[in-house]
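You will see two complexes here that share chain A, one where it goes with chain B and one where it goes with chain C.
Coming up: the complex of A and B.
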């Protein structure tokens, strides 16, 4: 930041004027760097993606780079099948992981909140949040080692201790495996937020419903869940947004394969752009994806969020 | 803590306590099962990293073995890995400091002043988190090459700022909202300038919030893979990128791979255990703040 500081104690008149400027326009100084960064990271990539999506930008063919291409890039997105396929896979992945993480996270939060001893609560809470600290690429490494058909401990234990035949996780049920690994990684996020929300449900409310003799499930449906609505909404919204961003875990666990079984849109864009060096085509997919995600988030935030949570 | 779900059916006294005991046992059994699910992969990867290469992948596994640091010594001799590790530490720390310098003052203004279209500004800020990084990376790839920022630490630090800025602004706005305005008014009456009131009164009061966003920002930048995959090559390579290359390119030496993975997760895991109290506030964008 190139803003004047106010350390000089006996400031000459020039410095004093600067100091005045600094104090009188403080809100502007405070906002400017953030606004500049935001312009750079939202408007610029969006506009540049839009531009790229309308031109030829194939690095294998440098002579045509920058030639106006009309909607040809978009046409390819909607006719090639690869992109459409990756949209379907992404939605399956997001829906599956979000459902599992929300469900397990909620149950864990309810179970831990019910633990009588504070010390044990802290113990479980610490253990349960640990997976979140593992980088996707490290988790992918662990997954590859533990799920490997030849050296993996998990298939080995399934064969030894259960009557089932272990599938080859990464090639027979790749999408399910990816969902389960993501669930291991990110259930902690849901758990910790739900836990904080549940701990803040006023005891008097719970006592009242208990005195009324409300059974367990009714206490959740009529007291706890309504009280936690803002918390549930924010947690699910943030997780939803982040699931649509998923890249590192799936890329390093399966690279989108086998075939295109786990090729999320983010991987499809990456491969179009950086493996096939077709930046124009990749930008067209990115634009379609962006429009979809932003529309979805705006509906959720404006229709649900501001009416139930923030206002 | 509130006991949320112990069913108290009208029943005889003895069977009620029995029932409660049964519920407690069931509860702990379920929680221990999940603890096992969480902890076993850590146990497995750490124990594998401590086995001699020959035994690392033998099945049935040696549950009892003499630990060796052989794999770690091998790893430390890989200067590319060690460099990448410290590179990550430096770039991620620098980005966290910068993102706080940019985001915290802005959040303060958003909390205290009436900005036209306040709600739209906030959604705009949040929207930077909705942009999938892979869509953002293509323009930055082109522009980084043009500006000679490709494979530089400055470029990577900037990219890390883009990941975390919305988080910092949203969480800190919620924190500033919770600090009574009378605090700074009192300071102003005592003759402090607006900036002095911010620095000496408001910032200290917001410390827990700043601490929690700093932690979360650190983690989000530390685990990032895509940016270093596309924007680095040699000088600015990150530790996640190194682990990725371990899986991909080289002939797999399982013990060393386990050691590398352990080296990347243990520091962050210890960090998270140490600061777990602050995580909820930071993660939930301030909606859940106080317990």
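Coming up: the complex of A and C.
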């Protein structure tokens, strides 16, 4: 490539050529380290996982480890390993928790935004964000104690102050319970993003709608929510991906039980890999799970994101 | 010394950890404290004890070991890595480790991890051949590891005159149940490790309630059920009994297996053809345990882990613990952690009127892998750690409560410390104990069996259905 000041007879020196290359491809150079890091931490483990899923890798049978197995791992885990059940449970868990966290997070953000005093707004922000600062495993342990029918405060409060009988949370309604505990843990994440989004809605728009006589709900439906669409979308997408990765909280809370009632895919993978030491089977489940999540997220980004939010 | 340095570092880390927890901050994902999966085997309820005195002074005189016909200094200058789970054994032995270092010239480096993290790290260390740990804790996976060719048998070291002195060591002093477990839980003719702790199932009850309702300590299952019923019905805020209901191969089945044996049945009547789980005795045992928890246990008994069982009893919320680790004793009788410390009493686990008393015992062993670089040094450590002088010191001087040696449970000083009745109950139970057979597939079929039992305790299926399904799953898994 030549610059306008160069002529055909004046070929650039080696150093100048390098400088040209650097300048012309500047964005790519800046991206290169990140791409290399991604290759190292994502592509390589992913490819290795794919390899594991295609070979026999039962650690307790060392003589056969590494033998090509075709799709046998996939067939085996999806016909006898309870993997299908764990996929159904995971989807229920993700849908339930996402809906609750989004809804409650939005309402909390709206309420705090409406508080007149700056000092009180700061106070509420700090209070509401605390559960997110607790490690999921710690939160699950605290949750177990609080939900314990004999010594827990939640069943006690229900019995004392409501006409209802407290359920046995971890045995009668285990999936609902893990959804609620996750909601407790992660609603602050949605709250803080929605709060930031609401705070960025131009005051002039709100003033104009108020002058025009729009009631509060109309201001939300026609002004605030449309303005916040990108924020809502990104927050939901991030939380969706994170929910699919949930492990510690549910594992500490129920270990996947009673029976397999709360056995998320992540728990199923862990048990297959580290309890049954069947790394081939665990890899097969993980590959299907990974492909499913990537596909779902890309469909959402393209269909909802580009065509609905950023169009 | 290194262990002292490590101890200071660990104390600092503990303090930092508490500070972080106090600040409600911490890691975000992936870890697990073992709440759901902890076996309870690692729970001692025993906080270890004092440090053992002045850091300049050895906790145990070297003369206690020097009369052994063992060449303690043959590996002078080397270092061993120990992979350990967070356990009271570590706290109890750490102050004595300088004795080992002084005696042998071998430096000891600890790698102490939370239970779940430890299991994962152990699996990768031995299965990949990394061999980073020369000594590591071993539990129910003993035969999974042994049959995979990862474990190193200790027999050649026992046969080496420079490393083992039979007369000095006193092998017969180790409980038979612990020696049995250190032979792959009865599946191996060779030593898979050395036992370091043992716990046995015992019954805990509220003596004040027994006095109030004029109850006799239950020796049979029928008597136990009647006592639980009385307390359950007479007391508004106290349940008759508590017991582990949570799934996991160290959870509900760890308790039920005792009753299965006592009902005359046996796990794996014939291996690998008949698991015995759907035998008449096994189903009767499951029905008894499931009905007991459903009728006189807490609501939601199916999700109770050992720590729930312990805390319910500590808070005065239960009349009994039907059968669980004797290691609960210090936690239950410590006024700082128990609201009913003065009212807790201990007895042998109940058995059927026409059955044989056969409580479950669990022993942690320490082992070495095929890929460990310093297995000989590791063996010297195992012998030292499980020897009579070290064991006696840990228990008499440093607050431990899990001795694998009969002489410790008979030691007057130790009996004074823990209480004669507790020592007698433990000793008699350990002498009759029958550990679970942990075959190589135990983690897998044990998990499935525990899941089935948990759904029965939760009331989703009958005990008979649970045990029949568990039998079928176990036999399928083992015969694959």
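Basically, the second predicted complex is superposed on the first by the 265 of 311 C-alpha atoms of A that agree within 3 Å, B and C clash if a C-alpha of one lies under 4 Å from a C-alpha of the other, contacts with A are read in each partner's own complex, and residues count from 1 in each chain.
One rule holds for everything that comes next: a residue touches a chain if its C-beta (ideal position, glycine included) is under 8 Å from a C-beta of that chain, and two chains touch if they have at least 3 such contacts.
Keep in mind that what you see is a predicted model, and the values were worked out from it rather than measured.
Asker: Could you say whether A:256 touches chain B, chain C, both of them, or neither, answering first, second, both or neither?
Answerer: In the superposition, A:256 touches chain C alone.
Asker: May I ask you to decide whether A:298 touches chain B, chain C, both, or neither, giving the answer as first, second, both or neither?
Answerer: Only chain B; A:298 stays clear of chain C.
Asker: Check whether A:41 is in contact with chain B, with chain C, with both or with neither, and answer first, second, both or neither.
Answerer: first
Asker: Could you tell me if A:129 is touching chain B, chain C, both of them or neither one (first, second, both, neither)?
Answerer: first
Asker: Just chain B (first), just chain C (second), both, or neither: which does A:248 touch?
Answerer: In the superposition, A:248 contacts both chain B and chain C.
Asker: Which one hits more chain A residues, chain B or chain C?
Answerer: Larger number of chain A residues touched: B.
Asker: After lining up the shared chain so the two structures overlap, which partner does A:169 touch, if you call chain B first and chain C second: first, second, both or neither?
Answerer: second
Asker: Which partner does A:271 contact after superposing on A: first (chain B), second (chain C), both, neither?
Answerer: Only chain C; A:271 stays clear of chain B.
Asker: On chain A, what residues does chain B touch that chain C touches as well?
Answerer: Chain A residues touching both partners: 130, 133-138, 140-141, 144-145, 151, 245, 247-248, 251-252, 274.
Asker: Mind pulling up the chain A residues that touch chain C in the complex?
Answerer: Per the stated touch rule, the residues are 59-62, 130, 133-138, 140-141, 144-145, 148-151, 155, 166, 168-172, 174, 245, 247-248, 251-260, 271, 274-277.
Asker: Which bits of chain A are touching chain B when the two form their complex?
Answerer: 1, 6, 22-23, 26-27, 29-31, 33-35, 37-38, 40-42, 44-46, 48-49, 52, 104, 108, 110-116, 118, 121, 124-138, 140-142, 144-146, 151, 153, 156, 160, 184, 189, 192-193, 195-201, 203, 206, 210, 213, 215-216, 219-220, 224, 230-231, 234-235, 238, 241, 244-245, 247-248, 251-252, 265-267, 269-270, 273-274, 279, 282-283, 286-287, 289-290, 293-294, 297-298, 301-302, 306, 309
Asker: Name, in rising order, each residue of chain C that touches chain A in their complex.
Answerer: Checking each residue of chain C against chain A gives 21, 24-33, 35-37, 119-120, 123, 127, 144, 147-149, 239, 242, 245-248, 298-303, 308, 311-312, 315, 317-318, 440-441, 443-444, 447, 451-452, 454-455, 457-458, 460.
Asker: Would you pull the chain B residues touching chain A in the complex into a rising list?
Answerer: Touch list, chain B to chain A: 1-8, 10, 24, 27-28, 30-31, 34-35, 37-39, 41-42, 44-45, 48, 57, 59-61, 101-103, 105-106, 108-109, 113, 119, 123-143, 161-162, 165, 169, 193-195, 198, 219, 222-226, 230, 240, 243-244, 246-247, 254, 257-258, 260-261, 264-265, 268-269, 271-273, 276, 279-281, 283-285, 287-288, 290-291.
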